[in-house]
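Each of the next two complexes has chain A plus one other chain: chain B in the first, chain C in the second.
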Partner chain A sequence: MTEFLQQTVSGLTTGLVYAALALAIALVFQGTGTLNFAQGEFATLAAFVSFALSSAGLSWWLIVPVLVVLSFVFGAGVERLLVRPVEGSGPLALLTVTAALLLGTNAVTALIWGTDVRSMPSPFGDSVYRLGPLTFTAQALGGGALVVLAMLLCGLVFRFTPLGLRLRAVADNPDSAKLLGISTGVMLAVGWGIAAAVGAIAGLVAAPTLGLSPELMTNPLLLALAAATLGGFSSRLGAVVGGLLIGVLSNLASRYVPGIGGDLQLVVPFAVIFLVLLIRPQGLFGRASTVRA
Partner chain B sequence: MATAISAAGRPAPAAQPSPSGNGPVLAELRPLWRRPVSWAWTALFAVGLVLPFFISDFDLFKASRVLTVAIAVAGLNLLIGRAGQISAGHGALYGLGAYTAMIFVRELGWSWPLAVLAGVVFSGVAGWLIGLPALRVTGLNLGLLTIAIAAIFPLLLSRFVDLTGGTVGLQLPGSPISAPEGLGLTDEQFQFLLLVLVLTVVLVLLRNLTTGPFGRALEALRVNPLMARSEGVDVNRLTLTVFAISSAVAGLGGALGGLVLASTVPDSYSMFFSLTLLSACVVGGSRTWAGALIGAAFIVYLPDVISQQIGSTTGGQWSQLVYAAALLLTLFFLPTGVAGGLGRLVSRLAGRSRRRGA
Partner chain C sequence: MSALLEVTGLTAAYGAVRVLHGIDLTVGENEIVAVLGANGAGKTTLLRALSGTVKAGGGVSFAGRSLAGTSAARIARGGLGHVPQGRGTFTGLTVEENIRLGIVSRPAATKGQADGDLDRIYGTFPVLQEMRRRPAGALSGGQQQMLALARALLARPRLLLIDEPSLGLAPLTSADMFSVLARLREEWSLSVLLAEQNARASLKVADRGVVLARGRVVAAAPAAELAADAGLRAAYLGESPDGLTEVAP
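Moving on, here comes the complex of A and B:
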């Protein structure tokens, strides 16, 4: 039982990373209407930048806000410069642009920092805490807290600020939003910026555990896509819940299902994507959309 | 991409004066001998036939790789350019064809033509299965599933060691596709000629498929699935069929590629290979068949050129960056791809000279 609980807890902590990345993917999907295949690579780039900043001697109290701002600017810039030209030319072109962004960002990261796996020191130290029979590392607790904070902030912005209202309006109905005088272009860029910032936190938290390399977020991307599929791409809450479920599910599967260990954990998100699309394509929290001519 | 491509100068197949959609099945095949092949393609085919006698076996080997990749990209062109569906996982289907053919030759001792056929069938069936859940809701789901498959395929290959040889893959002492005795051809020459023939047959079949009633149904699906449905096109069946055909063609390229190389390794069929194939398709021009050849040459030769320029340690990454840049630039400035752009240029020049002559 203790073993099971411990596995569930560690599934939840990895699940938080998938949740944050899935939230980022859902944010872009709601605004721009495409899956951003490059969301994971953006997070990897952010993790490398934070590594470089910490190597330069900056304190983590400074690195996190700097990273959030840089990522926001990067995400918004990518949207304005590289995604904007194909907006309105259909989902295929948009998806292809994000595939190009994946290839390009991955190449840039590998060219600057090399392809070797580095160990990144945890921003939260190496101490271990015990709570009854369960053990928690400082990295898991601190990282989890940071991700939760980022997601809460994101949720608050969307729920309670005028900016969030505009963002939601554009996501819900871009045409009406435009008629109300909302600059949809700016909102889309802001959406990409927020997504990149949330993703950056995911990268920062994932790197010390998974090892820092250009491949850092390749597998988490798949898990996050599965999470967003499970929760529903049109629901921010769904993406987060989906991420936690996927984290727990793949952790338990790799522990208790014979043959699914290590890399083969990826079978879990794949099966989830396949089944959800077959059974309930809008996901757990998503709304089914009716197509009208 | 749909709108960008439909705005292209190329006339839609719907404009062809062929018989109406409810004609007999034979009507689908009629263009095989009725529609002429352009002089440019005939010339290219002739060049393909004599090329093996003018360049070295090493260069031929590389050129053969271009042809196998071109077969796969042609399959992707059918899917992306004609049906308006996306696949970010054709590298996995190419790899599935390669591994299937390899296993059938190596473990079961089949002759290579049968093994290639097995590769085609396996990839086609896999494509059909992948297409099943993708039918619901939007075309994005196909992107979602295919990138998942692209990511998971090399892992599965590394895991099922008994069947696939794990991370070291499967090797044969030499390619089973060897020149028959008495022809006086080297193996490389024979392989290249064979691939020229296969690619030609694939391109002719794909062209015929996309010009008949099937092609018009595809066009309707691409432009507006809802409209297609209201016109009596069974959209679900059509999507599945086209995805299966496209996958089978990719498997054909992979099976031939794997056997010519006599080696299959999981790393060759990573997600990045899948995305590279996507670049080849878009950069070459997804709505032209010449684009498949141009795109394939681009992705096969570029890494060589780059390694020669800046050394091989970071050559892979620089090529990946160039693929990404080429993909973006093509989408922004040349939505019909290099082949589409060239075609428009040629027809404009031809039109001008004709007007001047008149």
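Moving on, here comes the complex of A and C:
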């Protein structure tokens, strides 16, 4: 039983990273209507920047807010300069742009920092805590808390502020939003900015555990896409829950299902998703259209 | 004094298809003008051209300023509201959130009156208060029309464009809608440009009427005069179903 709990906790810890990245992907999808394949690379870039800042001697208390602001500006800038010009050209053009961004960002990261895997020190130290029979590393606790905080803040902004209301209005019905004087362009850029900031936190938290390299977020990106599919792209909460589920499921499967082990553990969540999509194509939390004629 | 809205030689096209061929039109301060005409006459396109959601040529001046080249969002912020055909509700948001969107979109000078205005809206449309926690997409057609109107009013426009508010509504609901429209001007001190196929009901509400046919103004007169015009009735009040008969102004 203890081991089961320990495995679940460990699955939740990795699941939080997927959850944050899935949230970022869902935010962009709701606003712009496209998958941002480069969302993981943005997070990797953010992790490298935080590594550089930390190496330069900055305190983590400073790095986190600086990283959030930089990422916001970066995400909004990418939307404005690279995505907006092809917006009218259809979903395939947008997908192509984000795929190009994936390759481009990856190449730039590799060019600056090299392709070797570096070990990044945990911002939270190396202590280990015990709660009854369970052990927690400081990295797991602190990283988890940071990701949860970022997702909560994001949720609060969307749920309770006029800015969040405008963002959701643009995602729901851009034409009507314009008629209320809302600048849809500004809101889309803000959406990309928030997504990049949430993703940056995911990258920062993932790096000490997974090792810092340009490939840091390659697997997490796939799992985050799966998480968003599982939870429903139209639901921010669904993306988060999907991420946690996938983290836990793949961890438990590799431990308890004979023959799966570490290499095949990725197969499990995708099998689950396949089943979910057969039964609920809109995802667990997604809305099928509720519009009355 | 010049009119609140002055339209001269307005043209609009979808691709190569010209829909409006030089519309002239004015709406005065606190005036209700009905735009009448059959399906395809260009009513919806006219309203879209005015709110900047369809590209247009010609001159539009609103509150003394030219709207040429102004984005839809900026036109809306300048006090020109638009309740589009098909209502344009934010179906994934709750009724209350739709209403709050109207409030956050109002000019800064009217922010202080938001609570009073909201009470007035709930007084006029009690059903919206009852349903405020529901997703707007779950409302009936009539309720969504009320919601769209409420949201637009709460943004406190000086001129409100309303496109076919009675479309697809049951006769009783439609009658409710027109009785609300009749009271709008007194309660919200605004001007209205109302596009409607239901000429009889809209001419009761309006001061003046403008009749469109195939993208041109074919008649413009005080509402009572238009309502009494037998030739117009033949063409636009349903007695001639093709609605294509041109009527001399």
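Here is the rule we go by: the second predicted complex is superposed on the first by the 279 of 293 C-alpha atoms of A that agree within 3 Å, B and C clash if a C-alpha of one lies under 4 Å from a C-alpha of the other, contacts with A are read in each partner's own complex, and residues count from 1 in each chain.
The rule is short, and it goes like this: a contact is a pair of C-beta atoms (placed from the backbone, for glycine too) under 8 Å apart; a residue touches a chain by one contact, two chains touch by 3 or more.
Owing to the predicted nature of the structure, the values given are computational and were not obtained by experimental measurement.
By the touch criterion stated above, A:V9 is placed in contact with neither chain B nor chain C. Contacts of A:V66 after superposition on the shared chain: neither chain B nor chain C is touched.
When both complexes are overlaid on chain A, the residue A:R166 reaches chain C alone and has no touch with chain B.
Applying the stated contact rule after C-alpha superposition, one finds that A:L141 touches neither chain B nor chain C. Touch criterion met: A:L111 reaches chain B, while chain C stays clear of it.
Of the two partner chains, chain B is the only one touched by A:A93; chain C is not. Counting residues of chain A touched by each partner, chain B versus chain C, the larger count belongs to B. Using the contact criterion defined above for the overlaid structures, shared-chain residue A:L179 touches chain C, although it does not reach chain B. The interface of chain A with chain B overlaps its interface with chain C at residues 289, 291, 293. Interface of chain B with chain A (complex): residues 1-4, 80, 84, 86, 88, 132-134, 136-141, 143-145, 147-149, 151-152, 155-156, 158-159, 226-227, 230, 271-272, 275-276, 278-279, 282, 314, 317-318, 320-321, 323-325, 327-328, 331-332, 335.
Interface residues of chain A facing chain B in the complex, by the touch rule stated above, are 34-35, 37, 82, 85-86, 88-93, 95-97, 99-104, 106-108, 110-111, 115, 218-219, 221-222, 225-226, 229, 263-264, 266-267, 269-270, 273-274, 277-278, 281-282, 289, 291, 293. Within the complex formed with chain A, the residues of chain C that make contact are 51-53, 71-74, 76-77, 81-82, 84, 88-93, 97, 100-102, 104-105, 135, 137-141, 151-152, 155. Within the complex formed with chain C, the chain A residues making contact are 162, 165-166, 168-169, 171-173, 175-184, 234, 287, 289-293.
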